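Have a look at the structure below before the remarks.
All chains are identified by letter, namely A, B, C and D, in their written order; residue positions are counted from 1 within each chain.
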Amino acid sequence: MDSRLRDTTPGWKERAYIIIFESDTHAGRLYDIVLLTVIVLSVATVMLDSVSTINAAYGAFLRVLEWFFTLLFTLEYLARLVVTRRKLAYAFSWLGIIDFLSTGPALAALVFSGGHYLLAIRTLRLLRMFRIFKLGKFVGEGEFIVDALKASRFKIMVFLTAVLTLTIVMGTLMYAIEGGEHGFTSIPKSVYWAIVTVTTVGYGDISPVTILGQTLASLLMVMGYGIIAVPTGIVSAQMAMPTRAAAAAAAAAIPTYKMAACQGCQATNHRPDAAFCWRCGQPL
Amino acid sequence: MDSRLRDTTPGWKERAYIIIFESDTHAGRLYDIVLLTVIVLSVATVMLDSVSTINAAYGAFLRVLEWFFTLLFTLEYLARLVVTRRKLAYAFSWLGIIDFLSTGPALAALVFSGGHYLLAIRTLRLLRMFRIFKLGKFVGEGEFIVDALKASRFKIMVFLTAVLTLTIVMGTLMYAIEGGEHGFTSIPKSVYWAIVTVTTVGYGDISPVTILGQTLASLLMVMGYGIIAVPTGIVSAQMAMPTRAAAAAAAAAIPTYKMAACQGCQATNHRPDAAFCWRCGQPL
Amino acid sequence: MDSRLRDTTPGWKERAYIIIFESDTHAGRLYDIVLLTVIVLSVATVMLDSVSTINAAYGAFLRVLEWFFTLLFTLEYLARLVVTRRKLAYAFSWLGIIDFLSTGPALAALVFSGGHYLLAIRTLRLLRMFRIFKLGKFVGEGEFIVDALKASRFKIMVFLTAVLTLTIVMGTLMYAIEGGEHGFTSIPKSVYWAIVTVTTVGYGDISPVTILGQTLASLLMVMGYGIIAVPTGIVSAQMAMPTRAAAAAAAAAIPTYKMAACQGCQATNHRPDAAFCWRCGQPL
Amino acid sequence: MDSRLRDTTPGWKERAYIIIFESDTHAGRLYDIVLLTVIVLSVATVMLDSVSTINAAYGAFLRVLEWFFTLLFTLEYLARLVVTRRKLAYAFSWLGIIDFLSTGPALAALVFSGGHYLLAIRTLRLLRMFRIFKLGKFVGEGEFIVDALKASRFKIMVFLTAVLTLTIVMGTLMYAIEGGEHGFTSIPKSVYWAIVTVTTVGYGDISPVTILGQTLASLLMVMGYGIIAVPTGIVSAQMAMPTRAAAAAAAAAIPTYKMAACQGCQATNHRPDAAFCWRCGQPL
């Protein structure tokens, strides 16, 4: 009985851990897919509940569903805490915090009505989806994108700083030129307009009216149109770069010199097929 | 007479099949071009008929044209069914279904007025255009694009999932921040706004009004402006990659020597198909 | 006197031709720059004249300027006709037609008021600017862009056809879904909306209101956001391709086989340093 | 005392110069970071002051802050003038002029109320941020972007000229087609619209209404959507090109054999620095 207990108890936690936290096994993958489905359903519930006509018709039913999903997520969060050995590490990891926020605050939000949109924070649990991508074909692809972005992060930061400075300067100029009566009521609002313009979003909620303002705006648009080439170029060039594996293969394909040193003069870098040392002429 | 019948009947169907379904022969190409012209004309008819002023003036004439084109497409559909041997395969192929929808439902739509815009489904027949692209110069080019997209499809799926999660999270946040009085009347509508923003479309039918909302929107815009680099980079890198054929040609151009040493002089780096040593002339 | 005349007359036309039509000489370049300045000034005049406040204040003066520039362009057109030997070829070339339209129709437009914006057609003369680009640094750069676009033209045509089919199908669907009361008053207008959306321009003059319409619009936006990667990828890949000169240099760097045939067996493709034939073992 | 003065006075200025103008030392870097923080704070003050509600509540306090920052910048400007030896070179450099404009005009703006947004010119001091980028990781990245843009500048100028000509021609056409009643009140305004459209910003403050206008606008959008590929392609191709250093390294990695034949055995492909034949060992 002693040995049965010893074998069973850790084995049960171990097995549960593998199912809940990992996705290498069949059961683990199934768990992840079920969980994702539940997350998608719970997010859909919150989204539908926010539509006033649907809320009026099915509000009570949706509220029950929200209670149900919140309960489910709470149980799941507790299960995760129980089965993992590194409880604190999990609780304070990004995913752990998001998991927690999908339970406690959600319950609070349900109790104090008016804040139930806080439930939507569980949308972030969808990020868990990327764990599934770790399986099969998606591994390399996801890593490829992340690697390219990571390798480009300094370039992108430099670029964003330049864009930010540009929008502050242009926003301030437009505030001076157009003024409040044309919607440029403050510098922050004008900077917001500059960002809307330089990113080519162009809502049109604020737009220049004076000739000078439109000229400056045109300049900003053309700059925005042109400088989008910079991040695109950065990432394209990064992605077009041979991957580490490919680079190694390419390096292997280039004929390399024989590195064994000549016994006479210690010279290296002989032709692969050299019979004599290129420096001292001694047979190799 | 027996042999004449045997020769003629299958020959007639065979020839019709080659004309209607294939486009390698002169007649087949001509058939495709005539068909495409008729499709373009019929689509133009439906489009013009939907313009109220034109409808008021030439409605009767356009209705006749629509009947005529529908009849023509019905006959063409029946002809296709007759001449092909794999009738079911055709009928349930994508092109077959589109061909069918251009006949039956169109007739129904004409009878029950008010739904005649269903005729526009025949626009999809324009996709047949790509079959013509299979000829001449377009073969490689079309395949090039499709290959690049196909090779990038997992990367693009990962990317789209990330963008979707981003828009749901941002949309929900904006719903909480801006609220219904500024147009963010529900989470689905806010997510729609987030998609409009992140793709830099920016209708301006909904736009943030509060300082916090505009700040968050600015962040989303800059992200959208930046992450467009990702699909572009993916496809650019894919297209910049040597095609399989080009890679094979390049590999063939690089001489790969046989490394086994000559037993006479120990020389290596022989041609892969060498029978004699290049240095001492001994048989390998 | 005879010889003086013979030498002078063709020499005068010849020299004028070199100045007016070519830009290799100092005088020719100066002529082009002066001409471009005059074109820019005349376009500016027409543009300013179209602004109602400026027109009210300086209309008479601007009208005199327009007469002056029109006269100048007419004289220049006649001069071009006189000095060139291939008069018809020039008159019916693109630049020749644009030059003509800057004179005759402009005069007509000035006489029949109300149509003086026809003068703006001379904006097209700015295209002459590209001739100046033929000088110095701009040669290679301009050719580089044009070459890349030319090499990509079939790919771009395939791409545009696909986009056009997409916008017609989506426009028709939106016409059926949203209908006239939300601005989608006809299929052509809905197709216009689809183009505004897929290109991420997004005026917002027409925008979907129903849930289904907004969902479909979101799909179209994401597609537009994604497929912009295709033309960008095409042109990037084309531009990243080694130029012909660079490719030749690269090919020269790859070690090639000795092509001289073996006198015994006519085998070629020997190692560059082979002493014996790889096929028959005979000394080379 | 003589030597003490000689050692101290220049030493003091020298040390101050290194701190204020350079950022290689620890103190210099600290100075830059403090200065940037002050610039950011002063810009934030001006921005907040422009928001009417904040201005109403904290206007007096913000005005005091603005006086304080202006005083600080004036002192810093004088300090820079004192410690540098090349006073004129600094005063008329770009950064020097911006530094000056952050003091004098700011004071003037504070005295003559209504123009205090001139203070915002100090936003340009943020450009100083790029000096900090000169440190560490950012060196290469910043230079990389600037190099790529510099190498592409002629291509980009050719491109921008083409886009400008296109927008003037299209703007004029739209002015003729749509006319003042649909917002195209003048040619400059129509050109502004064309720029808004071709850059895919699409405010929607002016948008075509007639069928012909919408058709032309659609054409312009598709062109804008397509030609954005050009600058992106230019920069991508430029960035994907191996940098000069990388190219040199790659070239060094490929063994370039000496082709001169050995006089003893006629062997070629010796190491470039070989003294003896690799095959027969004879001196070369």
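In this text, contacts are C-beta pairs under 8 Å (C-beta built on N, C-alpha and C of every residue); 3 or more make two chains touch, one makes a residue touch a chain.
Just so we're clear, the structure is a prediction, and the values are computed from it rather than from any experiment.
Q: Which chain is most remote from subunit B in terms of Cα centres?
A: Using the mean of the C-alpha atoms as each chain's centre, the farthest one from subunit B is D.
Q: Using only the C-alpha atoms, find the rotation that maps subunit A onto subunit B and quote its angle between 0 and 180 degrees, to the nearest 5.
A: An angle of 90 degrees brings one copy onto the other.
Q: At what distance in angstrom does the C-alpha mean of subunit D lie from that of subunit C?
A: Comparing mean C-alpha positions, subunit D is 29 Å from subunit C.
Q: Counting in whole Å, what is the centre-to-centre distance of subunit A and subunit C, each centre being its mean C-alpha position?
A: 40
Q: Mind pulling the subunit A residues that touch 2 or more other chains?
A: Residues 188-189, 191, 200-204, 211, 228, 232, 234, 236, 240, 273, 275 of subunit A touch two or more partner chains.
Q: Note which residues of subunit D are touching subunit A in the complex, please.
A: 43, 46-48, 50-52, 117-118, 120-121, 123-124, 126-127, 129-130, 133, 137-138, 141-142, 144-145, 148-149, 156, 160, 163, 188-189, 191-192, 195-196, 198-205, 228, 231-232, 234-236, 238-240, 253-255, 257, 269-271, 273-283
Q: Give every residue of subunit D touching subunit B within the complex, in rising order.
A: Touching subunit B: residues 200-204, 232, 236, 240, 279 of subunit D.
Q: Help me check something: in the complex, which residues belonging to subunit C touch subunit B?
A: 154-155, 157-159, 161-162, 165, 168-169, 172-173, 175-176, 180, 185-189, 191, 197, 200-204, 207, 211, 214-215, 217-218, 221-222, 224-226, 228-230, 232-234, 236-237, 240-241, 251, 254-257, 269-271, 273-283
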